[in-house]
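Two complexes come next, and they have one chain in common, chain A, joined by chain B in the first and chain C in the second.
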Partner chain A sequence: MNPLVSQIRDTARRLLAEGRVELVLGYETGPVPLRNAPCFVRNANEVDSLTWDHFCSLNLAVFLHGNPRRIAILAKGCDSRAIVNMLKERRLVRENLAIVGIPCRGMIDRAKVERLAGGSEIEAARIVGEKIIVVAGGRMVEAPVEEMLRNACRECAAPTPTYYDLLLDGTARSPVAVGAIDELPQSDRTKRWRRFEAEAAKCIRCYACRNVCPLCYCRECCADQSNPRWIGTSPNPSDNEMFLLMRALHLAGRCVDCGACVDACPVGVDVRCLFKRLEREVRERFGHISGADPNEKPPLATFSTTDPEDFLTTV
Partner chain B sequence: MTEVQNPKSQIENPVEWQPKILAFLCNWCSYAGADLAGVSRLQYPPNVRVIRVPCSARVGPLFILSALQRGADGVLVSGCHPGDCHYLSGNLVARRRFALLKALLDEAGFETDRVHFSWISAAEGGRFAELIREVTEKVRSLGPARQFVKRLNATTIDELAREGTSE
Partner chain C sequence: MRRGILAKERLGDLIRRWAGERLVVAPVRHDTVEFEPVSSADEIELGYRNTRLPAKRFLFRPSEALLRFDLKAAPERRVTEAATESRPMVLFAVRPCEARSFTLLDRVFLGGDFPDPYYANRRGATAVVGLACAAFAPTCFCTSVGGGPADRTGADLFLFDVGEVFLVDVVSKRGEELLAGLPLPEAQPETVERADRAAAQLAAAMTVVPGLDQIGPRAEEVFGDSCWQKIGERCIACAACSFLCPTCHCFDIQDEVLDQIGRRVRNYDSCMFPLFTLHASGHNPRAEKSQRVRQRLMHKFAYFPEHFGAMACVGCGRCIRACPAANDIRQWLRILAASCPERT
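On to the complex of A and B.
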């Protein structure tokens, strides 16, 4: 068994038994391969359902909204960044929260595994050492775990949480330096538009990306608003583009690049495609790193008199 | 068979196409600047439609995106110079937002020359006229907006145009 699992169960048991928390948020093996389900543990004798492996891609921070209980949450690097931003935006009561940091080794991308399996239904999947073995369509395929990881994980700058109450022992992926992947493919404008158009055209407007996002918490999303109706509800190409642009803007400087939206998308839209650039702009222009410091102000809620003005039209 | 007018000619030879540019001007500076340009009888292209807003920070990115979606060929947002905002810091907050909106549109591959931001004070009537000339020229050189414009049946026009060429 993964040594982290026993650590997680022991920690959860202790926190619940001592009455420090009323609820532990973690993962349990779900009914579908490659995807662990969220697990809500309320009793110390139930902790054995908690698990940990490469299939814990869901961002648990999304369940913290509006929950008045004292909660312990298992947090990978990205979950902890999301919690930091939620604290920054006064969405959580810090005293009610016990953040159990887990050094993350990256999570498996289901879409990549499905491609590996050649489209046949995946019946079972297991991690053995550094390999993932998948049973699909009656045959067995295997691939290195590293190749099957989600892009968000492969580009993660902080796989080990930087903000936590308790950090479990373990080895994390080596972090990618901040800004190391700024070199975006410098394709021309037409190609960029074609790519964006193609991504938007896939969208069926199920709003799964919004619903799994821990930082998309508006009571009424402007995609649902009817007066004014900002975004038409039909999957019209222009409205899809509007939805993706709107969501990217609303998450500018707040997105923690957990990749949950990409994971949740049933039609494989690369929802992250626009977020990387905004992250870089916010970092370079406003010197703000998302999810780093809970005492900072959100970058778009404040300003500096020396913000760059290079985008202005001057005459 | 009913005679269908070939839309190809309309697409390729728009009759005297003039760019439609939407301008959001802040009440305290830029709108007054436009007024000054008017009372000074300065000439500038008649392609802008002005919407007066209390402050440049009143203009959300969705206003701009909505305008583009509904077929505006260009959008201009203008407010007070930094430090002169009637609400002290509205334009400074707006400046961050606009920087990100422009970067986002650039990343998506949208023609960013359709979206303009500027600071015009109440005393800069001449600069206002100059800005409108500049913006109108930039938008005119891009031609009618095609990207992101909402069409009820998005593929129909393109398909008809293609049928037109094959015949």
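On to the complex of A and C.
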């Protein structure tokens, strides 16, 4: 068993026993391979359902919204950044929260594994050492774990949480230098737009990306407003593009690149292609890394006379 | 019902002939397997378990114009009905669960006093060729909801892949028309037995969720059960499950207008969205996730059986495969089924 699993269970047991929290939010083995389910632990006898492996991609912070209980939450690097932003935006009561940081080794991208398996439904999956072995369509295929990790994980600059109440022992992935990987070059607008169009064309408007995102919590989403109807509900190219662009702009400087939206999409839209780009804009122009520093003001909630303004004058 | 043998090399001819006179839609393998229009048998993937998107979108479109309007035009030309499609279509190599789903959609869109012309025209021009399952996915549970790997419900022709040949069941008159006099040599008893045995073995090996037919009769008790809070808290209230479900059929009607010219469309909608039941007053009878999850499950397993005489679930498992929060409808149903007898 992964040594983190026993640490997680012991911690959960202790926090519940001490009365520090009423609920522990973690992961349990999911109904399908490669995707663990959220685990809501309220009693010591449920603690042994908690697990930890390369399949904990869901960002549990989404379940904190509107929950008035005292909660302990397992947080990878990206999850902790989301929590930081939720705290800054006053979505959470800090005293009610126990953040259990976990040094993250990266999470598996289900779509990559399905592609590896030739588009077949994955029947079983196992991590053996540095390899992932899956059974799909009746045959066995394997690949290095590293290659099957989500892009958000492969490009993660902070796999170990920087903000937590306690940090479990473990070895995280080596962080990647901030901004080291950028697949859409700034220069080629046409290419970027074509890429975005191709992604948007797949969208079925189920809003899984929006609903799984801990930072997409508007009481009324503008995609749902009907008077006026800002964005048409038809899954056609222009309305899909409007929805994705609207969401991206609303998350500019706030998105923590946890990749939950990409995982959630049932039709494989690479929602992240936009967010990655915005993350860079905000970093390069305002020196801000979203969710990294709990004391830093959000870039769009502050003003400095040195803020760059060239975007106002250049086309 | 007629039964016979179709040599696999004849499939190319058959598809080519159909494609000459109809739209042929069949599973095609890319990064995943999806139903798409094809023109030759070479494009078709028969070794799939389930497509990612359901075939329902070829009958009940994700977005469909109902009428067009031009408010600047003369009064008699202000509104025109949208043309309904009725091009003949073959849905080829459809798994039994999906063929069954069409018969459930039929009850909604074709039954009663007001058949839906948009669905009806398309459905009336569609022939369904089913394909027996040779294996099941970990998410499959068709036998728990009345289906099975060789269930012919909803199919006009039904194929078993038995090595070099297909064993073909001609289920309906439309299936007979599809073959257009193509001779089907009689199958060896051994071939028939092999096909039937394989299907029976597969059915026996599948996970069973028992007691689903008991949810309807106990709807009132189940409705008030305390389990819904626990089920609802795990849901993120998106529509991945509804939009990928072969039997979900709710839609929303919208006017898309630009400068007084526009169209009235109907788009897929989902009871998982709070907006689905939001009243003009601001009141929402299903404001909580737990209430919406309850609605979706109760609709499938209590209300639909009450109104249409069958469960509105075919056990394809798409909702399990697609759920961003890794929810498993089978797990939920086990909780519901278990909560039934306790209260008697």
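Here, the second predicted complex is superposed on the first by the 307 of 315 C-alpha atoms of A that agree within 3 Å, B and C clash if a C-alpha of one lies under 4 Å from a C-alpha of the other, contacts with A are read in each partner's own complex, and residues count from 1 in each chain.
The definition used in the following text is that a contact is a pair of C-beta atoms (placed from the backbone, for glycine too) under 8 Å apart; a residue touches a chain by one contact, two chains touch by 3 or more.
From a predicted model like this one, the values you see are computed outputs, not experimental measurements.
J.: Fit or clash for chain B plus chain C once both are placed on chain A?
T.: Fit: chain B and chain C sit side by side once superposed on chain A.
J.: After lining up the shared chain so the two structures overlap, which partner does A:5 touch, if you call chain B first and chain C second: first, second, both or neither?
T.: The answer is neither, since A:5 touches no partner chain.
J.: With both complexes overlaid on chain A, does A:118 touch chain B (first), chain C (second), both or neither?
T.: After superposition on chain A, A:118 lies in contact with chain C alone.
J.: Does the superposition put A:206 against chain B (first), chain C (second), both, or neither?
T.: second
J.: Quick check for you: in the superposed arrangement, does A:285 touch first (chain B), second (chain C), both or neither?
T.: first
J.: Have a look at where A:193 lands relative to chain B and chain C in the superposition and call it first, second, both or neither.
T.: In the superposition, A:193 touches chain B alone.
J.: Considering only the touch criterion stated at the top, classify A:242 as touching first (chain B), second (chain C), both, or neither.
T.: A:242 sits against chain B, while chain C stays out of touch.
J.: After lining up the shared chain so the two structures overlap, which partner does A:232 touch, if you call chain B first and chain C second: first, second, both or neither?
T.: Both partners, chain B and chain C.
J.: Classify the contacts of A:176 with the two partner chains as first (chain B alone), second (chain C alone), both, or neither.
T.: neither
J.: Can you give the closest approach of chain B to chain C, taken over C-alpha atoms and in whole Å, for the superposition?
T.: Chain B and chain C, overlaid via chain A, are at closest 8 Å apart by C-alpha.
J.: Would you tell me the residues on chain A in contact with chain B in one complex that are also in contact with chain C in the other?
T.: Chain A residues touching both partners: 232, 236.
J.: Show which residues of chain C lie in contact with chain A when the two form their complex.
T.: The contact residues of chain C facing chain A are 29-33, 47-50, 52-53, 62-63, 135, 137-139, 230, 233-234, 236-240, 242-244, 252, 254, 256, 265, 267-268, 270, 273, 275, 320-322, 324-328, 330-331.
J.: Hey, which residues of chain B end up touching chain A in the complex?
T.: 61-62, 65-66, 69, 76, 82-83, 89, 92-93, 95-111, 116-119, 127, 130-131, 134-135, 147-152, 154
J.: Name, in rising order, each residue of chain A that touches chain C in their complex.
T.: Touching chain C: residues 30-33, 35-38, 40, 58, 62-63, 111, 114-115, 118-124, 137-138, 204-208, 210-212, 224, 226, 229, 232-236, 260, 263-264, 266-268 of chain A.
J.: Would you tell me which residues of chain A are touching chain B in their complex?
T.: 184, 189-196, 222, 230, 232, 236-239, 241-242, 245-246, 248-249, 252-253, 274, 277-278, 281-282, 285-286, 299-300, 302-305, 307-309, 311-315
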